[in-house]
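Listed after this line are the structures, all set down as structure tokens.
Two complexes, one shared chain (chain A), two partners (chain B, chain C).
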Partner chain A sequence: MAPEASTSTSHRSVEVLVSKLRRRQVVGSREAALETVKVLRQVVSRAKFSNIDQLVGLIRSIGKRLVDAQPKEHTVGNTVRKILHHIREEYNTATKGTATVGSSSRAVFSIANFVLQGQPRKHTVAQRSEVTTSIRENDPDDPDSFAKTLKPVLMEAIQDVLDELETVYDNVSKNAKDHIHSDEIILTIGHSKTVEAFLKSAAHYHSYTVIVAETSPSYSGHEMARNLSSAGISTFLVPDSSIYAIMSRVNKVILGAHAILANGGMFAITGSLLASSAARVHSVPIVVCAGQFKITPLWNLYHEFGALDFADPSSVLGFEEGVLVEREVEVLNPYYDYVSPEMVDVFITNDGDHPPSSIYRLIKETYDDEDHEL
Partner chain B sequence: MPPKSSTGKEKDLGGEEEVLQAVILADSFNKRFRPLTVSKPRCLLPVCNATLLEWTFESLALAGVQEIFVVCRSFPEQVKAAIQDSKWSKPASGIKIVPIITSKQTFTPGDAMRDIYTHSIITSDFVLVMGDLVSNVRIDEVVRIHKERRKTNKDAIMTMVVKESGVSHRTRSKGDSSVFVLDAHTSECLHYEPIIGVPPTKHIRIPREILAEHPEVQIRNDLIDCMIDVCSVEVPSLFQDNFDYGDIRRDFVSGVLSSDLLMKNIHCYVAQEGYAARVADTRSYDAVSKDILSRWTFPLVPDDNHPSGHLYEHLRGNKYIAKDNTVSLSRTCKINSNSLIGSHTSIAAGATITSSVIGQRCTIGADVVLHNAYIFDDTTIGAGSVIKQSIIASKVEVGEGSVIERGSLVGDKVVLGKNARLGPFERVSRRKEDVLKELGEDGEDLEEDEDSEDEWEEVEKPHDHGEHLDQENAPGILGEGSNGIVWPQGPPEDDEDADEVERFDNQRLMRLGDTASDLEQSDDEDDDSSAYSDSDTETDASSFRPFSHTSSRSSFSLHSSTFEAASSSLHGLSDAAAEQEFRNELKQSVKRAFEENHSLDNAAVELKTLRMASNGKLRTVREVVVEAVVEKMTIVEGDAQGQRKEIAEVVDRWGELIDRIGGVDHEETIEILQHHCAKSARLPLFGQILATLYQEDLVDEDDIRAWHTKPEAKGEGKHPKHGATLEGIKHCWSVGGKMIEQFNAQESSDEDSDEESEDE
Partner chain C sequence: MSPPSLPVQPPNGPNPDSRPPLKAQKEMTKAERRELQEKQRAAKAAAKTAGTSQPNQKPATKQPPVPIGSTGAPKKGGRPADPAPPRTPMLPAGRQPRDAKLVSTLAETGPMNARGLRIFSHFGLPKPVSLAKGDIHPVILRLALQFSDFKITGANARCIATLTAFKTVIQDYITPPNTTLSRHLMTHLSPQISHLVAARPMSVTMGNAIRQLKLEISGSDIDLPEQDAKNALCQKIDNYVRDRIMVADQVIEETAGSKIKDGDIILTYARSSVVEKVLLGAHSEGRRFSVIVVDSRPMLEGKRLLSVLTEADIQCSYLLLPALGSVITEVSMVLVGAHSIHSNGSVYSRAGTALVAMLAKQHSVPVVVCCETYKFSEGVQLDSFTKNELAPLGDKFASFPLTKPREALMLVNGPNLEILNPLYDLTPPTSISAVVTEVGVIPPNSISSIPLALGRLL
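What follows is the complex of A and B.
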């Protein structure tokens, strides 16, 4: 197969995902992440490269296209970064014998670069696999040899990312019984699949009550309440306006997240800020359930408005209200709220429980620094 | 019949693989955007910095359309080039776009449809849209519903997408709207009535049969017709058959619905969710731009899925600024809400921009005020200018200190001098020579159609009505050194000849910035518009409402129903006479066909035309044909074999005509045959004829059974004075009974049935 043909076919799947993201035919952070992994797996399996930089360059360029297509689905970029991280890791392992001697000697422990090099897993992995055949890059006789030897491990690494995404709900909720106790009253908002799995898992061990806010204007709380009550959990559905009023009786607020930012803040479904603020007033702990793939190496640099995502106003004000529309009543329908790190008590991820203040360390561990800007 | 339906089923099974096709009629077939469209087709005008064609492509891509045919008439080279350059022609887009160029003689959408028919490119159900659509409606859902419906009802040829909006809405055209009469349950469109704004439409006429046939009817005046039609393959051929169909709505839909010959149904899909609108005129240009900026079209919004692929950043108050850091905004300029600024544009100090769209590479001078203005690419606005509610096309230079009042349109590459003063609704373009010269350079064919020739003449000839001054005085308006000419205002001379919709007064309602408060309109929304729209949605058959406040509320209902009831007896008399005449003519025609041995096709066409000409009933035609065919058979005495042969010959030659008169109803055929035989000397032949018809597949076993169970077939309910006829009817019924017995006994041998019936 000619190299042009292979790149064009792989680009085809990239283009398809780009237009799907642009048209919002792929929505939801997990969905977007899964699609991204699948596309990248296809790209890597077909790619022709004779050294690691070519491969990394290819993935980065595709990643940039995907992120530009829909900058508000942060998990797309996260997945690309994570795959890049895995690829480098595998590459380092494979070429350990020849290349990494110098770099490991460079790793002197000092408080100054403690954070910078803080990738503990890299070391352990590197030590484990001592026996590897050396791989020759840029072999002029056989340019494909590098790709051929490395590809199987890379595919495995990508498969790991995929598996992690597929099991994320189970892994997040495996410790649910330690967070929710009997006879507690839990408040949640919107329909987050992670939260749903978390609550259902805890219901196996304890009996407790969930209050679901209906979460206008999407009213996704309705579905959440239906799912929970069909799982045998005692569930109340309340309008958003009564969140503050019932907060004094609530033991814990459990929220889902759309994206977790590097400072420990998060984007979550509209109404989350309302619920969090009410919970702060009553000093009710706020627990956020999210997969690790939602952790994003971004800060909310802009003012709080610009980073959010606005949907069409029709679910707030009907299009048929012609007179109001004509007078240019400004109708806003944000998808997400920005919840600042001070509000959140703990993030429960498939990688353990973390306070907002240590999210930056998770980012260090999961992604490589050079990939923060794709 | 049976083989046909089976192929249809196979097609449906293979539906997954089928390519969804769409046809875009990229020409406006009117001149509402003049003079912006003198050197550019309308579909290439930008809305929020993407051409209308791109918005349309994106709307269709959203629905999963895979193959698009773009029918273009004016400036086809430009359209082709635009398609070539766009991201859609890349192989990765997954959409195949084929431009089709029609001749300059294509004046209406109907002509374009005929052109599509002759190209024979349509292979299955397709989506028909105009080249000015902005929509996020799930058209694929509509297509699915349409196909579902087609499985059970072959005659459902079209599904129109309409959007619920309320009577008064900025996106709903006042000058060109429509009332839909829908069946509440099946959403079949029963009647279509176009509404124009001026002169006001005060009454609509709804045929009485509709109310008789449908228990629940909705009469809706609150729908935006977005001209998205899901059509079956037959639609282009219907246009081909009816060469006078011009407009898709006013001619085609009205024609199909009012014709009882075609027997086709059109359905509506009332879109509750989603947005769909057309940029059909300058007013809707304004409305759709505003709708896009206030995100009604989500996810088709500038910062998310801009059809041209530009990247914009969305700021508080629905402000969109190009994201690539090329926009230079002065520290003291003021950008107010609902504005969009394209890349490489610079805005100087003190400029105020409100609800405006500015293209790419524009230069806005100091202290400029833009209010509801639409500025296309590469335009320069001189310092201190004020532009209100106007469209300024691309590469225009507006001199310093100019004032452009509401509703003005400034064409491509016009230069306005310093202190130009354009009054409201002024239209400015370059001179004809300049425009033509440039088009010539671009390799366009200079063949201007006669129409625009006239138009230019009118523009260029000196005119001086009112304060309007001729060209020599133009510098006063257009400023020193301008290359523009002012187009005449007011109605054109041939206004009376124009189509009702296109007349000047009505067009005013579609003009940007025109409040048209001095005109009396349909849908006047003065005092109680809310109560008005409330009662609008669920109007049932009994409560009609007038469509304007200016007419009294009850006049409509009283008028049409009581008047018609009172005069129905009168009508009855004349109807009977007309029917008799119609019957005679039919008889003549059939007789001639028999004598001159016409082909079946010709005979059928002749009968159909006759029926259309005299608006006759289908049943009458069937009666005449059946009678004629039966009478054609000569009675052969005492020779059963010969008799059978004679019948078979006649039925073989002419029998099919019965099914070719414009509708098929086998039960009725048998019934007519029975009644005719009952009165005729050919009564004994009934059984044989029926058997032959059955053999020739002109009637089915089921039809015979169905007929037999009807009380009329037994002769019940007949007046006793038709004693002899009644006998005949009863005789025929019992013959039919025998036949059914035979069916039951699984002895479908026709010879037997013949002998059986002869024994009678």
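What follows is the complex of A and C.
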């Protein structure tokens, strides 16, 4: 029920992003999140609405279209949820709580409410606008007044989200030097920019060694090894087959995540399950570095196939090797692994360090219940 | 960074016994001479500590023949008689490997970038096969080249190839006067063995076979005419191959094959000759099962197994090691081979086997190791570091997919970057459910009782 309040220009930008997502032209979860924020910022700045429900409905419908375009890219949905959460918060502050928005869930007696009641609000929203008392909704004489008074506040909130996304790497690496010490041997797999920033930041204070596993068939480990070694960190590049062999010498395993699930588990690049299992066997702590925008209100109880995303099988068994095989062979190239919460020791996010058992609380604080299903 | 070039040196490294030509010394300035002296002194010290001795190409030299390495790090459990392979010390990142100048430059770059981990230093890099002394039999030369190029791989294949080559050497051998075959033949064979070891470190199977051969040689009858003695030895070698390898494989094939039921999904890793025989045998018996072949760098041997299996019309899947977590829940049994097995039951096998066994155990999938008794190795290895081998750098096995541009890959060492490709790893006995040998199916902890059962015939 998108109101006709959306102008044709913002529609176009949404269409562009939808098609980019569908064609997987947006590479990387952070990129997807940034694009989403920019599009939503444009939408909100151009939107015409006379009450909050219209705006929320508009954003929800746009969010639904974006998520449907690429359901595997969870950060898109997370960003939409975060913006909705901020919008509702700003609105509540602006109206001093006289009007409650979408609060049907509050009436439900659920453990979610217990959690919320016990928590002091982490971010007290500063009073931004002075004209709080004069917000009138659904004013027939001046339909734009509501929107006009609220928009600056909303734009600032969205800008907050954008800033947070842009400073993810710096914030995650803030305490890197406390996590990594001198002469430690760190194992990592694949190429995660968050982990790379984390390791480079720690290298300013201590000298240590990193072992990077190649992570076939994408071989993203090579890129990681190149970046780390050119930053002056002494690096070893090993194939995935030797992860168990070297694990007895490794002090910590640091992984990146694609998405962090509500139960504290995560989707990560294939090979993460092997590395974390081997680390568990050798009692090596497992650290996951990810931005907070990756925390998803999703559960994965039944699928071992991670996000059920498969990549091109020709990197596993090339088409030129078809002569090798006489009859049909099934070639698998799953892109993600599901790592259960028992495997992970700590999530290091731009919001602080959290054990997997408190991810559900983060979700409660960052997103609103009614947005879990867009 | 390129190693600083040193003045005139023999191509195989600084020879402690020789001096650089005096002509060069006279031409150098005093400072240069002093510098050269320092370098040589450092080189000597480094050579002593590193304990390498380069294969020497000069025929008239006081040095002992082809490397009898005396490195500090222990190489293999319990085989002091055989020469240990020489090991170049693993240098800090940034050095070009397998260069004769390595030893001398080690001392210079030691303090700089010293954090290049020394825990991997005993792995050493594979060296190119040097020009041999004149005494090496051409069959051995050929075999050594095949080993160093990885044309013959696998514990069984290498052992059989070695023994076949030795048969030729023995037949061509002529006892010199004033000595007997039983005493001299072994001295004749030693440099051949060393040459093979220089090409690629000796496998446990080769070691066990050679030890058995030595026993036979020293026990051969002095009164026999030479040709008869040689024929007898060749016959013994044939018997060894037949009994300990061929027949053993057949028994294992039947025993392990009986564990495979219709509708099973068997998972195997890389390529084991025994597992290949088991799967083909079970299929020819009429059992209908499917196979998942898991493969990994650096050698990507699974492709060969895949082509053999598909030719036999067995339903196969193929995937790389990181994808293992996605399929392990559907697997009914894991079948792997071994390079060798230790007395505590830990299996020394292709790198990656430990990961497969660990994950299978976590998902309650039985892990069955197929291993002949001649692969038993005395002693206990605690982790994969005690003894291992590195594959040569670069794309030797053409194992990178063509879809990946070569510029995106790191194929050579760089500053601060070192590439390691260990070929083996150690699977602890806790991850293994059973070991199938030709004397039966045994739990991994009972391995040490087998030699007793065989009458100490290791």
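Everything below uses one rule, namely that the second predicted complex is superposed on the first by the 324 of 374 C-alpha atoms of A that agree within 3 Å, B and C clash if a C-alpha of one lies under 4 Å from a C-alpha of the other, contacts with A are read in each partner's own complex, and residues count from 1 in each chain.
Following the convention adopted for this analysis, a residue touches a chain if its C-beta (ideal position, glycine included) is under 8 Å from a C-beta of that chain, and two chains touch if they have at least 3 such contacts.
Nothing here was measured: the structure is a model prediction, and the numbers come from that model.
After superposition on chain A, the partners chain B and chain C are seen to fit next to each other with no clash. Seen from the C-alpha centre of chain A, the directions to the centres of chain B and chain C diverge by 70°, a value given as a multiple of 10 for the model superposed on chain A.
In the superposition on chain A, contact of A:159 is made with neither chain B nor chain C. Legend: residue contacts after superposition of the two complexes on their common chain; A:357 is shown touching neither chain B nor chain C.
Of the two partner chains, chain C is the only one that A:233 touches; chain B does not reach it. In the superposition on chain A, no contact is made by A:61 with either chain B or chain C.
Between chain B and chain C, C touches the greater number of residues of chain A. Using the contact criterion defined above for the overlaid structures, shared-chain residue A:243 touches chain C, although it does not reach chain B.
By the touch criterion stated above, A:45 is placed in contact with neither chain B nor chain C.
Look at A:167: by the touch rule set out above, it reaches neither chain B nor chain C. Within the superposed three-chain model, A:322 lies in touch with chain B and out of touch with chain C [touch as defined at top]. In the superposed model, A:15 makes contact with chain B only, not with chain C. The overlay of the two complexes leaves chain B and chain C separated by a minimum Cα distance of 6 Å. Touched by chain B in one complex and by chain C in the other are residues 305-306, 312, 314, 320-321, 325-326, 330-331, 333 of chain A. Chain contact summary for the complex, chain B toward chain A: residues 61-62, 90-94, 136, 163-172, 222, 273, 275, 290, 294-299, 304-305, 311, 313-318, 337-338, 355, 525, 529-530, 533. Partner chain C is touched in their complex by these residues of chain A: 183, 185, 207, 209, 214-217, 219, 222-223, 225-226, 228-230, 232-246, 248-249, 269-271, 273-274, 277-278, 281, 304-306, 312, 314-318, 320-321, 324-327, 329-334, 337-338. By the touch criterion given at the top, residues 93, 113, 115-117, 119-120, 296-298, 303, 306-307, 310-311, 313, 316-327, 329, 350-352, 354-355, 358-359, 362, 383-385, 388, 400-404, 408-410, 414-422, 424-426 of chain C touch chain A in their complex. Against chain B, the residues of chain A that register as touching in their complex are 8, 11-12, 14-16, 19, 22-24, 68, 70, 303, 305-306, 310-314, 319-323, 325-326, 328, 330-331, 333.
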